[in-house]
Amino acid sequence: MGPNLLANYGEAVSAILFCIGFTNLLLQNNLIKKIIGLNIMDSAIYLFLAEKGYIAGRLAPIVVDSVTSVDTYINPIPSGLVLTGIVVSVSVSALMLSLTIRLYTRYHTLNLDEISMQLKKEGR
Amino acid sequence: MNFICNFPFFSILLSLFSGTVCSVLPQRAAKIVNRVVILTIGLLSAILLVYLLSTGEPFIYWMGHFPAPWGNEIRAGVLEAGMALFFCIIMYLSMAGGAHKLPGEVVESKHNLYYILVNLLLSSLLALVYTNDMFTAYVFVEINTISACGLIMIRQVGRTIEAAVRYMIMSLLGSGLLLFGLCIMYDLTGHLLMSNIKESVSLLIATGEYQIPLIVSVALMCIGLCIKSALFPFHAWLPDAYGYSTVSSAAILSSLVSKGYIFLLIKIIYRVIGFDIFNNTRIIDMLFVFGLMGMIFGSLSAIKENDIRRMIAFSSVAQIGYIYMGFGMGTQAGMVASVFHILSHAATKSLLFIAAIGLTDVSGGSRKFIDLTGAAYRSKWAGVAFTVGSLSMVGVPLFSGFISKLLFAQAAVQVEGKMLASLIVLGISTVLNAIYFMKTVIRIYTSTDESSYTSITFKDRKSYALVLLCFIVLNVILGVNSQPIVNMIEQGLAMFD
Amino acid sequence: MTAFQIILMGFLIICAISVSFSKNLLNSILIYMSFSLIMSILWVCLESPDLAITEAAVGAGITSVLFFVTLKKIHAIEGSESEKKEAKENE
Amino acid sequence: MSKKRSQEEYQKTFSFRFFRWFNGEKDPYLGEVEMHPQEEYQLDPQAALRYEKEHDAILDKVYDLERNKTMQLFHKLYHATSILFCLFLIALLLVTISYLPATGTIDRPVNNEVAKRYIENGLEETGAVNIVAGMILDYRAFDTLGESHVLFVATVTVLILLRLNKTQKSDAEINDRRFEPKNDTILQLVATFLVPIIIIFGIYIILNGHLGPGGGFSGGAVIGAGLVLYLNAFGFAKTERFFTEKTYKWVCFFSLSFYCLAKSYSFYTGANQLHSVIPKGTPGAILSSGLILPLNIAVGLVVACTIYAFYAMFRKGGF
């Protein structure tokens, strides 16, 4: 174990959340819960990134009173990356939800295993 | 700066922009725009390739007004330009080869959307090839994933939608791991541009700081890209996705989409971590083992399969195993073999998918082997093309597959610990390949006494035959004239450093 | 401030786990909504107001609305089945 | 021992057939095989039913999840390995994080010259008071261009999945009407107050993207939420007066094209070291910071339309 686990408690939480989301995406039978798991996983990564940009005692990266000293503001890069990432995760979850609707109208179930059983039964 | 240096940027923006334009055009115009754009980008890449070969120097192109650690960049070398050219050729041929099947497979009103997806897929592939920035790579990986998913489920039968869901789940797991690895890497180095990360990484290695996080981040990125490119244990979505989507989609997906991710992995290995540092980690052993397993189990599943397109799809799993085996050898020769196999597999697999559709068309649309008996007599060009593809996959001289197997064998001999394993598995896999491909070829050339096919016209389409001919020529060029291409790959890999 | 953040993070983990184990889909989506909301408060604490606004508008707003429409479409909200029956009887 | 074959014998050999096939002279079946349409095979309906039932019974046995032992075992194994894998992943990540540089401190690799220049020169070089907006729309604009296309391609896939043709549409409308709140007075009254405020707030966020927190994406999402509320309160008949699929198509097209072309201009001038003619303006004013404001507006329009489109698609497969 390294020295910084307690100092990095935010990252530790984000790692745990990531794994919870990952497990949900991998294990849940229900598609909707899989999608929630996906969203949790993404949020966890964004939390990780935001923690990386944070510097104790500094302000948000919006210039106040035209003070442009590097000692005043936190690191703006992670925020920018997360903004891009959030858009990506919204688009992906919209796509997954529409796939869910299509699957449900065809097979009347949200369980992927049951769907593949039905497909095998159809015998194609 | 020479005007030709603008070409990579032009090709990415052109394909992005044409995607937007296709959304408002009528259907026929969208088709023409799509074709013209692919051809134009191919032409631009060819000119760029010639220019780069003459100068012998890669160049960096600023995306914006700011230099290296601040702005965003793209970078072009011989390998990148060559890959872009090759991707355009394969994409054009795949689109042309499946064009006559499109009206039957996709609802009339959704053709526009199909062309949008193809254009955006091309742009994302080009961006993955050219980019010099890790986060840009992540964004375009997502575009690639979503548009590939669209290509799978645009033919809306139950199987494709189920396959699309499985594909999305696997890919999203992959992107999550990739992004996490990326974030850890950013935390360690403070940069997002590949060249700057590499400097910082070599500094970190020299000082011995942060060794464990570094290895973990590299491993996470590798696993993410492996999952996305359907390496053996993660291939569950692949057979349905390739087997039931439209013809062009299957050809494009199998030959280009997974190759885009693999090319990104190559870039990460060379330009982010550094080849030597990567080879000193345990990760290459993992890639090696999974590659070997994929080669055998993919072929075994293909033998069991009773459906021609699913068989070809399973064969893809085996071929991706070959590529990762080359990575796992950890030598320059193995890498060259892998890159050559990317080209050869892309050319062959799209040929096989497009030929298979010709065979199934003349067999009443059935894809079961029993119905394919004698199909090659009914559709000559498809039969010949399928045979060429099969021979190339098995590794018969004169075709591209032979060269890549030869390169793999040569590379394996140079590696001490892994020589025996890779040679044995290469042999077994070749035999297994021969079993299922030759079985199919013999089946399609067996004449039948049945007479149930009178309702089908036996005429070959001219454009379809032309596409198949182009593919055959491409395969033979890769197989006969391989030395310049191998030299080019070596030159391109050397430019990566 | 640190204690506040730690409490919020504890809530995050509780939300994430209870999403996985809740039987009712509507409940899990509501819990996910609160997860997003807590996340956006956390981002205010981490001095990233841009992210907080975006997450509040998107995670707690748009994504949840899309989830609800999906649930309605697949008749997973309780009561919609019985409503459907009533509607059929009325016809 | 070579014997010259007679013409008849030669005609029976494979090579003769092959060459004729190769030359395209004749189809191998013609003449040799009598060709006639196959008679339709008709199964006795009762036998067919019985057969189907037997088939189903067999399949039920094979694919019965609850009673099939091997499949159950496989599922358990799969779950066990996945859980083990996830625990392993948690442990691995925690160990990794324990070795990372401590959060909140200043001397970390992340706080290097890149962040320094963004903060110190950002105001001057991009003209944006909000450093994050300046960074994502100017320094790293290529990412953001990709991001807006991610949204676009997602809409395209949703259209592919859920858009219905004319005949299905009327069914969907009837189906949808059942769920629609039938002129709920409370909802309508609240919406009359709230919708304008929400939309104005969204516009404020978009227009202030370069001056304060916010920007195209969050503002667009807020406007989209306002439109969704309006749709819910007043129904499709009202919204279709000003927002149809055509509107969506053209708004998206113009915004994305503007985005593409504007960024192409700035990339081109940047890479070729040309002087860009776009004025930066005085920092802090609304009309400042070069391209950032128009780009924010374009993104906001795309996002608002996209979110409305998502909702309409999900609800009844069309606008």
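Per-chain residue numbering starts at 1, and chain names A, B, C and D are given in the order in which the chains are listed.
The rule is short, and it goes like this: a residue touches a chain if its C-beta (ideal position, glycine included) is under 8 Å from a C-beta of that chain, and two chains touch if they have at least 3 such contacts.
Just so you know, these numbers come straight off a predicted model, no measurement behind them.
*Asks:* Quick one: most central chain, C-alpha centroids?
*Replies:* Centre-most chain by C-alpha means: D.
*Asks:* Could you work out how far the Cα centre of subunit B sits from that of subunit C, in whole Å?
*Replies:* 38
*Asks:* Calculate how many whole Å lie between the centre of subunit A and the centre of subunit D, each centre taken as the average of the chain's C-alpha atoms.
*Replies:* One centre to the other, that is 16 Å.
*Asks:* On a C-alpha centroid basis, what's the spacing between subunit B and subunit D, in Å?
*Replies:* Centre separation, subunit B to subunit D: 21 Å.
*Asks:* Could you please state the distance in Å, as a whole number, between where the Cα atoms of subunit A are centred and where those of subunit B are centred?
*Replies:* A distance of 28 Å separates the two centres.
*Asks:* When you check subunit A against every other chain, which residues touch at least two of them?
*Replies:* Residues 2, 10, 16, 18, 21-23, 26, 51-54, 60-62, 77-79, 81, 83-84, 86, 88, 90-92, 94-95, 97, 99-102 of subunit A touch two or more partner chains.
*Asks:* Of all residues in subunit B, which are in touch with two or more distinct other chains?
*Replies:* Expected reply: 135, 139, 142, 146, 149, 153, 156, 161, 180, 186-187, 212.
*Asks:* Name the residues of subunit C that each touch 2 or more other chains.
*Replies:* 48-50, 54, 58, 62, 66, 70, 73
*Asks:* Go through the chains and record each pair that touches.
*Replies:* In this structure, the chains touch in these pairs: A-B, A-C, A-D, B-D, C-D.
*Asks:* If you look only at subunit B, which of its residues touch subunit D in the complex?
*Replies:* Answer in residue numbers: 1, 5-6, 9, 13, 16-17, 19-21, 23-24, 61-66, 69-72, 74, 107, 109-110, 113, 116-117, 120, 123, 127, 133, 135-136, 139-140, 142-143, 146-147, 149-150, 153-154, 156, 161, 180, 184, 186-191, 200, 210, 212-213, 216-217, 377, 380, 447, 449, 451-452, 454-455, 458.
*Asks:* Name, in rising order, each residue of subunit A that touches subunit B in their complex.
*Replies:* The touching residues are 2, 18, 21-22, 25-26, 31, 34, 38, 41-42, 45, 48-49, 52, 77-78, 81, 84-85, 88, 91-92, 95-96, 99-100, 102-103, 106-107, 112, 115-116, 119, 122, 124.
*Asks:* Which subunit C residues qualify as touching subunit A in the complex?
*Replies:* Contacts found on subunit C: 5-6, 9, 12-13, 16-17, 19-20, 25, 28-29, 32, 35-36, 39, 42-43, 46-51, 54-55, 58-59, 62-63, 66-67, 70-71, 73-74, 76.
*Asks:* Which positions of subunit A touch subunit D when the two form their complex?
*Replies:* Contacts found on subunit A: 1-5, 7-8, 10-12, 15-16, 18-19, 22-23, 26-27, 51-56, 60-63, 66, 68-70, 72-73, 75-81, 83-84, 86-88, 90-92, 94-95, 97-99, 101-102, 113-114, 117, 120-121, 123.
*Asks:* Per the contact definition, I'd like the list of subunit A residues that touch subunit C in the complex.
*Replies:* Per the touch definition, subunit A meets subunit C at residues 9-10, 13, 16-17, 20-21, 23-24, 28, 30, 32-33, 35-37, 39-40, 43, 46-47, 50-51, 53-54, 58-62, 74, 78-79, 82-83, 86, 90, 93-94, 97, 100-101, 104, 110.
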